[in-house]
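Got some structures for you, see below.
Heads up, the next two complexes both have chain A, just with different partners, chain B and then chain C.
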Partner chain A sequence: MKLAATLSSIKPEMDQVERKIKEITSAEPSMISNTSNHLLEAGGKRIRPVFVLLASKFGASKQGDVIEVAVALELIHMASLVHDDVIDRATIRRGRPTVNDRWDNGTAMFTGDFIFARSVELLQQLNEPRLHHVLSHTIHQLTLGEIEQLKDRYLIGQNLFRYFRRIKRKTALLIASSTELGAISSKCNDEEIIQLKKFGYYIGMAYQIIDDILDFTSTEEKLGKPVGSDLLNGHLTLPTILAIQNDDASRSSIEAYFKDPTEYNKGLIKQTIQDISSSPSIDEAYAWSDAYLDRALNALESLPSHPIKKTLRKIAVYLGKRKY
Partner chain B sequence: MKLAATLSSIKPEMDQVERKIKEITSAEPSMISNTSNHLLEAGGKRIRPVFVLLASKFGASKQGDVIEVAVALELIHMASLVHDDVIDRATIRRGRPTVNDRWDNGTAMFTGDFIFARSVELLQQLNEPRLHHVLSHTIHQLTLGEIEQLKDRYLIGQNLFRYFRRIKRKTALLIASSTELGAISSKCNDEEIIQLKKFGYYIGMAYQIIDDILDFTSTEEKLGKPVGSDLLNGHLTLPTILAIQNDDASRSSIEAYFKDPTEYNKGLIKQTIQDISSSPSIDEAYAWSDAYLDRALNALESLPSHPIKKTLRKIAVYLGKRKY
Partner chain C sequence: MNSVNEYQDQLVHTFIEQYKHTYVKADRYDMTGLKHHLRFFRELKPELDSREQVIYDAVIHMQVSLQIHDRVEFDFLPNDRTYNMVGSIQMNALIGDYHSSWFYKLLSGSGELSALDHFLEPVKQVNRTKIELLHNEQLSAIEILNKVEDIYIGLYDAYASYYQLTDYNYLRKQIIYHFVYRQQPFWIEKMIKQNSQVIEKWLERKSQFEETSINCE
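After this line comes the complex of A and B, so read on.
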């Protein structure tokens, strides 16, 4: 993967992040070690730690809490995924059984609580008050995003504003925090912090939109979960919202499914998922992610000259074109 | 209630705590305001804020974050109750429908996450690093306690050590943190902090044991939930563990129920719940809570002379004799 080559410069630090995540989540009692290890082994792109580390290169200080911040952000992300999977009754993520499937909902809920608690404990070791402030605000927004997502399930008449606000809270703010906190912990100046935060925010928006597109256009093998999971679970993402606006047949079919999301109707909606995946709504959704990507690249341009800018640009373009 | 008279000296501060809890949990989106208000209106004894405020009277400083600490502890407690109720499929708490019953499990899970996130956000405003350290450790232990409780459900061969460790993590540490943090935030000296923490810890142990006894001996009306809920939900508490050790008939009946906790067997176990409620195991459990209460009173004695000692003694005795 091209990304890995781009990231070779931060490999030693990413290894440290990985070790620290393992160390932090491998606590007694054994049940938690089991669920945490299961989650860890499932991997993930570790996008948030990557952005923390890369953003931190802009600052002069090497003394900051960069690794701890990177680990805390990944833990918060992991905890929220575990809880999301309970809501969606998801059985598979990243090609492996979810905690709620392999164990049960209660175990998944408390595993999420535990991982979240560990991230809070890690945070309290950080000295810089701004780190606390940004992170606790982001966690607050993340839980609001979770609640909105739950409330908006099976809700057909959603506008784009609602979708964008939701993905901002659920995804973009956590990635914006990654670049912002990386910058803060390496003592970047205020203007650099602002631009790096902006970069993270726009990348986060583009990243989630593409995630939502791939849920339609990719394969079960690449996704590590069934194609169209979002729509099947009643989550309206950008391609669906656009399809509802653009295409009456899709709209009727989705309406019927949301009224009665039985197994039988699940079969019927799969045709609609396929229809959307080859519809102009996908191109329209890509236009949105491209627009956010452009803004991310603009934010990057306004940063002072630095070798890491090239890496960040590559990652932005890679994420904008990724196929899984 | 006699307790209220004892507490009249901290009424203005308790009102502040109540207002702050309401303010913090009344956020958009409306769904969360609804669930939070529902929880707030259900009330509760607010034991943790009471102990924060009372312990803080030993210190000289009036500038500390006493109210914020009290609110944060109550929020953490509320969040854990909401998640507990999901596990137990509880339909009623404090005489009102639970969040999972009135709404659904997902809403309850995310309401808990939100309240927890708000407590973390509140915490980051506190300046004293020791407050962060104690609280994040307690939260960590609390989630371990939650997981243990889940793991130990329907597990017949539990010893007392396991029970005591579980209630330490689930209850006593949070109450120990209440008195400890009240003391820290009002700048008590180290010896006072240690003794107040001990007092809270022993009271917390006694408090939970009595809670577990009342689950057998009280009435549905006073409990605000069915008598014997713990055993019905597969949780072995002190009276049950002692009854299993003391009485073969109880042991067989519980074993049979745990093997097959159907509605039909639920009917049968109700007789066992009644048997336990009038058995010597209850007296034995009271002996344990009395022993913890004595230790709490001893910790109190070692504190310097102060008018608030009398109040704390009264509360300790009240909690040790409470009937609901």
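After this line comes the complex of A and C, so read on.
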């Protein structure tokens, strides 16, 4: 399935979002424009604006407001990515040098802080306190998730609850906010807002699980980073947690690596990454993703009849089954 | 004097108790810096009702965030990628984000959207100025000093203008002296490496502040 074809109905609005982001990032003094445009040109799926726009179709959409919300969400996502790259010491994102690699850590941090303030400012024009209420809660949860993730690095004794809470904060809430804010800004009723938020949340959970699976099963070329990067960087994701539960050999190997993540052990862990990629843990992880996808589709069913439901269903299935 | 110190320590203790993330060790914070920010902002407006207390807390969060993000750059030594150093960079980045999220959460959660609107511009401006300092090598030593002062005084100016405080100049000088000239802060150390004339101008301005009897002790 081609995502672009599915999204053709909102293409003019997505073009507007893209233009507006470019307009905002280019309006600043040269260095901020350079760094922001560098981020922008790296591309991305823009799934947050997509969900804002699609969710807004259920309400008496006032298009201008919805575009601003979609732009703000994407800018916040961009700000968090530029900080993530500093935190992860990433040098490449989507095949391009990261801001911290191309310039330096300080430039990346201050660009992220600037974009964050600019995106909140964008929402200020809309005079809708609920937008801020939702978004500020989400951003706060996102930072809690990031701190937890760092604390949990190289920690073997993690259970599923901990993993699900982390991905909820790290990914699912921002996607849930996209559908919720799209619904709020287009004046959906309360029940529609709740169901659209649930839809976004479950899609976000499925999306992150798939991301974590692909980290094992995809290729370095498609991922733009080494296969098994999460585990190599000390992060336990769903396939690894399940492998630890299911297989003593994987558990021992990961334990040894986490105790001493040196080059020697890195060589050994690569075999474990390969083992996990072809283990039943991958199917089990897919089953979790499918369960969240089903919940998302159920939330969608409870929404009033609308042609856009078909598009949302297609996107949900696409994101839940994607191979890269 | 002791009671003043105790009061300031209590402000720090209350802030840390209320807002520090459980996983973050207290020694991650520049406690002295935090103490002085809490004190200076309180001196600007000593009496706070509950709404004003929220704004005060929110602005302190943003100030902490802006300054701890400086440490991300400061701690980065390309040839020293030890685990501790890397962990330090990562944690400083996260703590800064955590406190800026508190700024947003407190102001939006309490409906203080006009305050939110008011403080976003100086937040942007401080970050613009930092990036300019990192990348504009044509700046003169005086321009650099002015910009460094702007970084440290930006939120104070915004706080004073939010409350339309008219009698702020003396305290403003004290704040600038304290954060920029009493000792060399990160930005001055960095700028000295970029422009050797900065140290001379910095010393000149430091003595000018001291001659006018600015004393923050």
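The working rule: the second predicted complex is superposed on the first by the 318 of 324 C-alpha atoms of A that agree within 3 Å, B and C clash if a C-alpha of one lies under 4 Å from a C-alpha of the other, contacts with A are read in each partner's own complex, and residues count from 1 in each chain.
As a convention for this text, contacts are C-beta pairs under 8 Å (C-beta built on N, C-alpha and C of every residue); 3 or more make two chains touch, one makes a residue touch a chain.
Not measured: the values here are computed from a predicted model.
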When chain B and chain C are modelled together on chain A, clash or fit: clash
Chain B versus chain C as contact partner of A:T143, first or second or both or neither: both
Touched partner set for A:T111, first chain B, second chain C, both or neither: both
Partner chain in contact with A:Y257 - chain B first, chain C second, else both or neither: neither
Shared chain A surface residues [contacts with chain B and with chain C]: 28-29, 31-32, 83, 86-87, 105-107, 109-111, 113-114, 116-118, 120-121, 124, 129, 132-133, 135-137, 139-140, 142-144, 146-148, 150-151
Residues on chain B engaged by chain A in the complex (per definition of touch): 27-29, 31-32, 83, 86-87, 105-107, 109-114, 116-118, 120-121, 123-124, 129, 132-133, 135-137, 139-140, 142-144, 146-148, 150-151
Chain A-facing residues of chain C, complex: 21, 23-24, 65-66, 69-70, 72-73, 76, 81, 86-87, 89-91, 93-98, 100-102, 104-105, 107-109, 111, 113, 116-117, 120-121, 123-124, 127-128, 130-132, 134-136
Sites on chain A touched by chain C in the complex: 28-29, 31-32, 35, 80, 83, 86-87, 89, 103-107, 109-111, 113-114, 116-118, 120-121, 124, 129, 132-133, 135-137, 139-140, 142-144, 146-148, 150-151
